[in-house]
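Here the chain labels run A, B and C in written order, and each chain numbers its own residues starting at 1.
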Amino acid sequence: MAVEVENMVDLADLSKEDLLALVDLALAYQDGQAVPTLKRAVSVANLFFENSTRTVTSFQMAEQRLGLQRFDVNVNGSSVKKGESLADTVKTVQAIGMDLAVIRHTQTGWYKDLVQDDRIQLSMVNAGDGAGVHPSQTLLDLMTIKKAFGHFQGIRVAIVGDLSHSRVAKSDAKIFKELGMELTFAGPKAWWSEDLAAYGSFKMVDELLPEVDVFMCLRVQLERMQAAGVATYTASDYHEAYGLTKERAKHLKDSAIIMHPAPVNRGVEIDSDLVESEHSRIFAQMQNGVYARMAILSRILEKRGLVEKKS
Amino acid sequence: MAVEVENMVDLADLSKEDLLALVDLALAYQDGQAVPTLKRAVSVANLFFENSTRTVTSFQMAEQRLGLQRFDVNVNGSSVKKGESLADTVKTVQAIGMDLAVIRHTQTGWYKDLVQDDRIQLSMVNAGDGAGVHPSQTLLDLMTIKKAFGHFQGIRVAIVGDLSHSRVAKSDAKIFKELGMELTFAGPKAWWSEDLAAYGSFKMVDELLPEVDVFMCLRVQLERMQAAGVATYTASDYHEAYGLTKERAKHLKDSAIIMHPAPVNRGVEIDSDLVESEHSRIFAQMQNGVYARMAILSRILEKRGLVEKKS
Amino acid sequence: MAVEVENMVDLADLSKEDLLALVDLALAYQDGQAVPTLKRAVSVANLFFENSTRTVTSFQMAEQRLGLQRFDVNVNGSSVKKGESLADTVKTVQAIGMDLAVIRHTQTGWYKDLVQDDRIQLSMVNAGDGAGVHPSQTLLDLMTIKKAFGHFQGIRVAIVGDLSHSRVAKSDAKIFKELGMELTFAGPKAWWSEDLAAYGSFKMVDELLPEVDVFMCLRVQLERMQAAGVATYTASDYHEAYGLTKERAKHLKDSAIIMHPAPVNRGVEIDSDLVESEHSRIFAQMQNGVYARMAILSRILEKRGLVEKKS
């Protein structure tokens, strides 16, 4: 059990109370709450085995704001190329003195064996695992919704786009439902994934527009469209059929917000002008992301007794 | 107008007075002037879309000396590979909390639309744009000349080498002329570029040796020689025809200085021994570069009110 | 002579007394000795021309603990790709203001000309040179042995595996012998290297098991086995013939320790379970490595007068 509280690999491991407290901590940091004081120098290794710009930079900023000593480990370096296992890489950075490791890896569930390994005592943060989950993205999405509506119960969320490849869809859906939100999904039917049926139903995109509080677009990759048998769609075909066009945006409620995990394909999953519209929270999500990651990291620091108790 | 003073994308945007003050600020830093005190933590993203060793390291050192929090963004990461525009990458790092971005990009004039974009409020520093300008290089070249001669008016400068591909030639020529320097150009005639005619005339290299105060070699790339129809030249042919040989160096004035933007092809554009000769300011230019970049960055910090006023 | 004491390119340059003092300094850091106070900001460039994960991260941690400002120079950047020599790259980072450079390079003896170059005043640390030496690895190996046995005289060490390609074998053997240790070597005879004969004899692996205090496995690369004419061996063939199997480990003395420079091929040069056995010091070596590098760097800082004298 100690393992679960000192890592952060899947938000589903948290109780509802702990999760809500984490959202509130992130919002408090955004509102200016001071970061905790470290008892000693604390080091964090960023191990990104899958390319990233946004997520790694956001984690680095969060680490900087918490006063952590950050090490961006070159995982394309020789040890990893020489076939070292992830477990051995993690034990290596632990031996070198890292207290935490932020890890993105292409293997779904990379952390499952590692959190059971008694020899791993550094804290692991999952920054995305293959087709698995993306806890810091889900947390920033929750912050974004809480800021817009003040609560989660009964909020209607549409998730639209590449449902079968998106780590975000799967990561968000389970948590959103647990918090009382109502989900619907849309996009090419070929991408509908039956394991999402537990969280909500599939609808036509035009049907759900007037009903939703949150319209969350997912990134579309044209290569995947072709591979998935939706090959007749070009980028503009996709935009007309499933994208958030200006015309469709008119049918959204005034209070509805538009979200997207980014990077955005402007003119494909969303009209370019809508990215910066009043409904859009897309750049706000990126801002929120830094505070979400500060919350995740500082929660771990606190559990491990690495920060001073508040007086 | 506010946009122009808070970015630094082209020295030609500065008034002559502001430019001279910037040179003097850089020289003052070199002479030991204390750096300003930051009012709060200030973060800078280094976004180098074109490979660099010297320029990026020099900016990093300048950032460190100013006490900035530096983030070297992996622009080969997924967002950029996924086709994100430069504008969206800049807005992303801004959303993550960066106050400044130092950007090198292969696209000439990458900054032109961005400085007009009201949604971009972070300060951009141009670290080289395609075949455009290279403000921090020009500033360090100005420092080097000011240190050698005390003034700019009437200083005779020869720029010799690959005039058509060098960002440095174009970047320096306009500014040097504005400051009253007299320019001549030399090198393979195939590389003479008519848009340089506004700043000075083309001469044979042997003709200008005894006249000049500054002999600035440009880097030559053999691949380009062949593509440009000067294919008969090998490296040693080039050296004999246009390079600064030991023999040619004897015809320079005693007070003349040798400059080169580096990296140097020893034995091609300049004899290897001359790189470390008394005339040479080549390594001095690299030293000056750190102070030039400190001046550029601290000027922006001051304009934005991020540093304490001097008492 | 000043050059030799202010760089650290080969432990063989040290007197026996200095070397033993360096081991003790590393052990003292591990036991909690405070790091020296820097007199001014000190900058270090990490120049890794050969891929590395473990060594570079370990040096970065050592630099951080000493309070150095660290710069990870992208040596795949343009200057180096454009064919700049190592000497010019080093002079460049020196001109930019680096006080130290930690360098790994594929060229054996890369430092030999550079330490003779009067224009290079920054301190160079050899983090591995081609088929040459690896001083910080040898130092951490010495720490590991000193911790286990309290002394070096008469300690029997077996070095087993790819003797012809391993930088570690050559680097360690000479120093170990000088300190009075007794060496034997084992592994495929095709890899026996006559230049090791000066330090010890070649034996069959099964023969030396009961005799040794230290069993040091070297990493094996299967590609090299095939190239070297030991192509009949698969990984499991190698393990049976030369690896430290569980069966072989039973013949080690109770007090014997197992070492490996890592990364480990589990199941090839050593049985996977033995990596974490009580005999194993493999992860301890990685821990020791940070303190070894702190000792190397702080020794240089002290020699250069960059730290406060102890009161």
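Points to keep in mind about this one:
We adopt the following convention: contacts are C-beta pairs under 8 Å (C-beta built on N, C-alpha and C of every residue); 3 or more make two chains touch, one makes a residue touch a chain.
Labels paired with UniProt names: A, B, C = Aspartate carbamoyltransferase.
Small disclaimer: the values here were computed from a predicted structure and weren't measured.
Both chain A and chain B derive from one sequence, and where they touch, under half of the residue numbers involved are common to the two copies. Rotation angle, chain B onto chain C, C-alpha superposition: 120 degrees, expressed as a multiple of 5.
Averaged Cα coordinates give chain A a centre that lies 40 Å from the centre of chain B. Annotation for chain B: no residues touch two or more other chains. Interface residues of chain C, counted against chain B in their complex, comprise 41, 43, 45, 69, 71, 73-85, 88-89, 91-93, 95-97, 119.
Listed in rising order, the residues of chain B touching chain C in the complex are 50-54, 56-58, 60-61, 64-65, 219, 221, 262-266, 276, 283-284, 286-287, 289-290.
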